[in-house]
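To start, the structure itself, in structure tokens.
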Amino acid sequence: MPATHRLAAVRPARARRTGILALPALFALLAVPLALAGCRKAAPQPPPSAGGPFRVALLTPGPISDAGWNAGAYDGLQAIRKELGAEVSHVQVKTPSEFEEQFRAYASKGYSLCFGHGFEFQDAAARVARDYAGTVFITTSGSRTSRNQAPIVFELEQATYLCGLVAGRMSKSAKAGMVGGVEIPSIKSTFLAFEAGLKAGNPGATATAVFTGSFEDVAGAKAAALALVDQGADFLFQNADAAALGVFQAATERGIYAFGANRDQNALSPSVLASAVIDLPRAFVETARLVKEGRFTGQPIRYGLKSKVISFVWNPALLGRVPAPVVDEVKLTEAKIEKGELAVPRGNF
Amino acid sequence: MRPLQAAAVAAGTLAAAALLVALAGASPLAAARALLDGALASPAALGETFARSTALVLTALGAVVAFRSGVLNIGLEGQLLAGAAAAAAVGPAVGNLPFIGRLAVLLAAALAGAAWVLPAAWLAERRKVPAVLSTILLNLVAAAGVTWLVRGPLRDPAGDYPQSRPLADALVLPPLVPGTRATAAVVVAFALAALAAVVLGRTALGLKLRAAGLSPRAARAAGLDDVGLRTGAFLASGALAGLAGGLEVLAITARLYDPFSAGIGFTGIAAALLGGMAPAGSAVAALLFAALGAGSSALQRDAGVPSALASVVPALAVLGLLLARGRREAP
Amino acid sequence: MNGREGGFALELSGISKAFGPVRALDGAHLALRPGEIHALLGENGAGKSTLVSIAAGLVPPDAGTIRLAGKPMAFRGPRQARRAGIALVPQHDLLVEAATVADNLAFLDPAAPFLESRRARRERVARVASALDLDVGPPDARVGELPVGTRQRLEVAGALLTDPSVLILDEPTAVLSPDETAALFRALRARASTGKTVLLITHRLAEVFAAADRLTLLARGRTLREAAVGETSAEEIGALLLGSAEATERTGAPEREAPPADAPPAGGVAVDGGGGGTGPSPALALRALRPRGSAAPPVDLAVAPGELVVLLSIDGNGADDLAGAAAGVREAEGSIEIGGRKVRPGDPLAYRRAGGAFIPSDRRAEGLLPDLTLAENLLLRRPPGGLLVDRAAMAATAADRLARFGVRATGPDARAGELSGGNQQKLLLARELEPLPRVLTAIHPTRGLDLAASADVRARLLDAAASGAGVLVVTADPEEAQAFGRPIRVVYRGRLSEPLPSGTPFEALGRRMAGLAA
């Protein structure tokens, strides 16, 4: 009988209290190592890179079989091996966490030069550069610099300015369209230069920009291009990566001219009059040469028309249709830019 | 017979790995060396292994806590992303007070990881939607969410690249040993593994969780609140994964990027399975996976093994390990 | 003594088998003649299940020989044994719950073609039902929704599909009504008369002496007695069984097999006292309670403190559901009160909080956690200690309780799944009866247990009632119902009979269970 009353009495009040205590306890546990960790310490141990062979590493964010951005960098690395007799190594990295890991691994093995192929490598490069003064870190595009870190800056604007100049001279409607992928500063900067060139060729001409929000959406780019043509544009510039195909299709359908960007896209479509081209392998070789010869200063490395890394390339199949004065003017302007007599405007990024 | 079989399995996997490496035009011996060097041979390599292990240990613990309590939480990857996103959102806002700031970042990450579980928990208990299904779907939502955040609200206005604003340098965890990437985050992860081992094995709560996991029906009939236990374990599991994401931001990336995690949450589940669903075993297995990960990145770097293959070789090693273990356990 | 003309259908001799440190069989012998029904008897843990598992090729023996029709055999698996003509119907069926009767029967038929039309599968059901005179349920019914008895007949029918020369049935009658049992034995007899052999594992001596030709008695892994049924008596075998059980199983139970008569226990109230205003509030009061999904009328039932009420019914008549609803593990409409306190139906936690304890019918799936240790099972709700569990205290408390409840095990750290059925049930009692609950609901608490273990469980339940708990017991076995010596209420299609005295004749109970007589 008494057992019946025993039952209701003991609820585990203690267990509940420990439950409530557990949470702060847990955070206390977390807090200890975090507090002990303090702040970032200054970094030691820069391994000297002097003496041994010239070693160059490349980190790409994607597969080198992409026939584009990553393939160009890999070709550059191979050219460095051949032309400069360097030892080279390449890794493809997937997440930002791996960026730093690989930079660190290369630096600790005494590599003289590490390329991070893209803006996104800046943070990781900066963190490792602090620890390894003997290694130079180069990111393709970006802005962060230090004693042993700098970006390569491609002055593609110099070539897109020439595209604009051609359009300004040849356009009958005095209207040009520009199709961009995502609206980011580097793309907008090329548009800025194109527009400046356009006005240099025909002060009364106007350019309209459209961003489709995607570097892959071919159909979207085509629709945007057709809309621009409907508004009267008879020249199309683009900086839309793979989506450029849509712009070329629109130009072919309406029988007008378009320009290629980044790569030599002249063969892609009968509508491409000329291309503003970046020679990635050359940029890599020139940069490596700079570092090898001890001329690297920690300043951004700029490549424009003069270096031949950037070039303006006519489509040979269409060159016959371009009035001779225009071809001559382009050649003349090119020379002015190379000599520094003409400054092409570029965006601040 | 059995050791022989295990040896045969190990030899078979090794041979397969060597063949693949050779077919790709690299030297199997150099590959083996690179694998070892990259994982263990230097303080930097060891630090790399430990740095990689942090998130793996925590997601493995998340899997252990959930699976042992009868919740098939396959969504650790999504919960990790939620935690990382929360850390990247809160981090830049807390300025540069190291202690308070770090705690706030981690608290936000853990809460976000747990919050990411809530829809799945609600669907499981109220609508009988299997957690496997809902958490897998939430993984996709989380990945899409990160893509949107780094291009939209969290985007760093400086620069082209879609990434969030960085945390203040004072907040980012420094390495325990200079020149390595192993930070206090590693200590946190292994301390939590020890804590999980104690909670699951030695406390009344752990006993009840295990009971609910073994048989919800029997636990319920015996008077345990199986729904509450399951839900609590589910949330704790999400919080652990969220914490993994938060620590990844705090210790390594300092920002949110678009491809933030290459399947850490899934590898964590694999580690938990390899570790026999015990916290200690899973922590060790996570360390093994981390070593293989660090080793495989060295495969690419030092032995010239192509990227795609570099991740296949450690996968083969794990497969061989599981096979050998399976053999041993077969009746 | 067994070698009459040597023509055994199946003979196992010198069979030994050890599982780790446990010797399950130690030179056991079993010989079956063609055309006989043979009973295999023994206490829980005597090795019966292991022996038939060896015969059916499920488990290889460590030593010994198996001869099928004189030919030595070494089965490498159950398929091979089945092809050789030995079919086993396990105690717990292995049917696919989500599949239909027709599909399950097709799964069980080794001769079924790889692809088979739904019609062909349905026809098999009809064929089997008429040829074997077994009601296996409607072909399209899902097996999970069928009563246990039907499921078992389905499994038997599946075993008979290949027309085996030796059919082994492990505890086939545990879940059957008297009528169903009689029908099953008729079918088995008809089978034996065609020269086939039937081996029956059972605890029910009455069945052995009514239906079997010969018997083999196992004790602690050895063959204790082999005899024709006519050469021995129920009394002799019963004594041997109890003797062997007591020799191995030191029970701490009160040795009180014969319960007191029908007089209500001290402090109890009249059986039907339900909502009456007299005396203390009932330990358990069900008012207009109807398990969800049940077509039966709502039920009113009260169990007073100190009272034990037996619900007797054939499976599928709603007694299980009703008791499950009372314990909160089944959703229900109506009201439940425990000690005068309202408890929400369908909430086992509320039932527990109000002081309820529960022994489910399926002790392995719903009662115990087979993968946890005995100590963990016992102290699941409230392990001793503070922040950390005090393992020493836990082991000591558990060891003490295991001893007092007569659970035979290697120690409190053994896994519950390793225990024999009887010991598992005692373990469950040890958990549910301490501290003494206000009300205990027990469904088939002795199903599948041997005589000694059943008696022990009954004594414990009566003891709990004597200490003041209200006890509600569900059973399908009229003999068991009588053995409690307490009022019996027969449940037929969800309807409760008036309380019947425990001395009600067996036949009268059987008729009521079948719904034949008032």
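By written order: A, B and C. Residues from 1 in each chain.
The definition used in the following text is that contacts are C-beta pairs under 8 Å (C-beta built on N, C-alpha and C of every residue); 3 or more make two chains touch, one makes a residue touch a chain.
Worth saying up front: this structure is predicted, and the values here are computed from it rather than measured.
Visitor: Using the touch rule from the top, point out the two chains with the most contacting C-beta pairs.
Guide: That would be the chain pair A-B.
Visitor: On a CA-centroid basis, which chain has its centre farthest from subunit B's?
Guide: Relative to subunit B, the chain whose C-alpha centre sits farthest away is C.
Visitor: Return the distance between the CA-based centres of subunit A and subunit C, expressed in whole Å.
Guide: The mean C-alpha positions of subunit A and subunit C differ by 74 Å.
Visitor: Suppose each chain is reduced to the average of its Cα coordinates; what separation in Å results between subunit A and subunit B?
Guide: Chain centroid spacing, subunit A to subunit B, equals 31 Å.
Visitor: Can you work out the whole-Å distance between the CA centroids of subunit B and subunit C?
Guide: 46
Visitor: Could you list which residues of subunit A touch at least two other chains?
Guide: Answer for subunit A, listing residues that touch two or more other chains: 12.
Visitor: Out of subunit B, which residues touch more than one other chain, so two or more?
Guide: Those would be 204.
Visitor: If you look at subunit C, which of its residues touch at least two other chains?
Guide: 382, 387
Visitor: Within the complex, which stretch of subunit A touches subunit B?
Guide: Those residues of subunit A that touch subunit B are 12, 15, 19, 26-27, 29-31, 33-41, 43-45, 57, 63, 89-98, 100-102, 104-106, 108, 118-120, 122-123, 131, 141-143, 184-186, 349.
Visitor: State the interface residues of subunit C toward subunit B in the complex, per the touch definition above.
Guide: 327, 329, 348-349, 351-352, 358, 360, 365-372, 376, 380-383, 385, 387-389, 391, 431
Visitor: Any idea which subunit B residues touch subunit C in the complex?
Guide: The touching residues are 198, 202-204, 207-208, 210-211, 214-215, 217-225.
Visitor: Which residues of subunit B touch subunit A in their complex?
Guide: It is residues 38, 42, 44-45, 48, 51-52, 98-99, 102-103, 106-107, 158-161, 163, 166, 169-170, 172-174, 176, 178-179, 181, 183-184, 187-188, 191-192, 195, 204-205, 248, 252-255, 257, 259-262, 294, 297-298, 300-302, 304, 307-308 of subunit B that touch subunit A.
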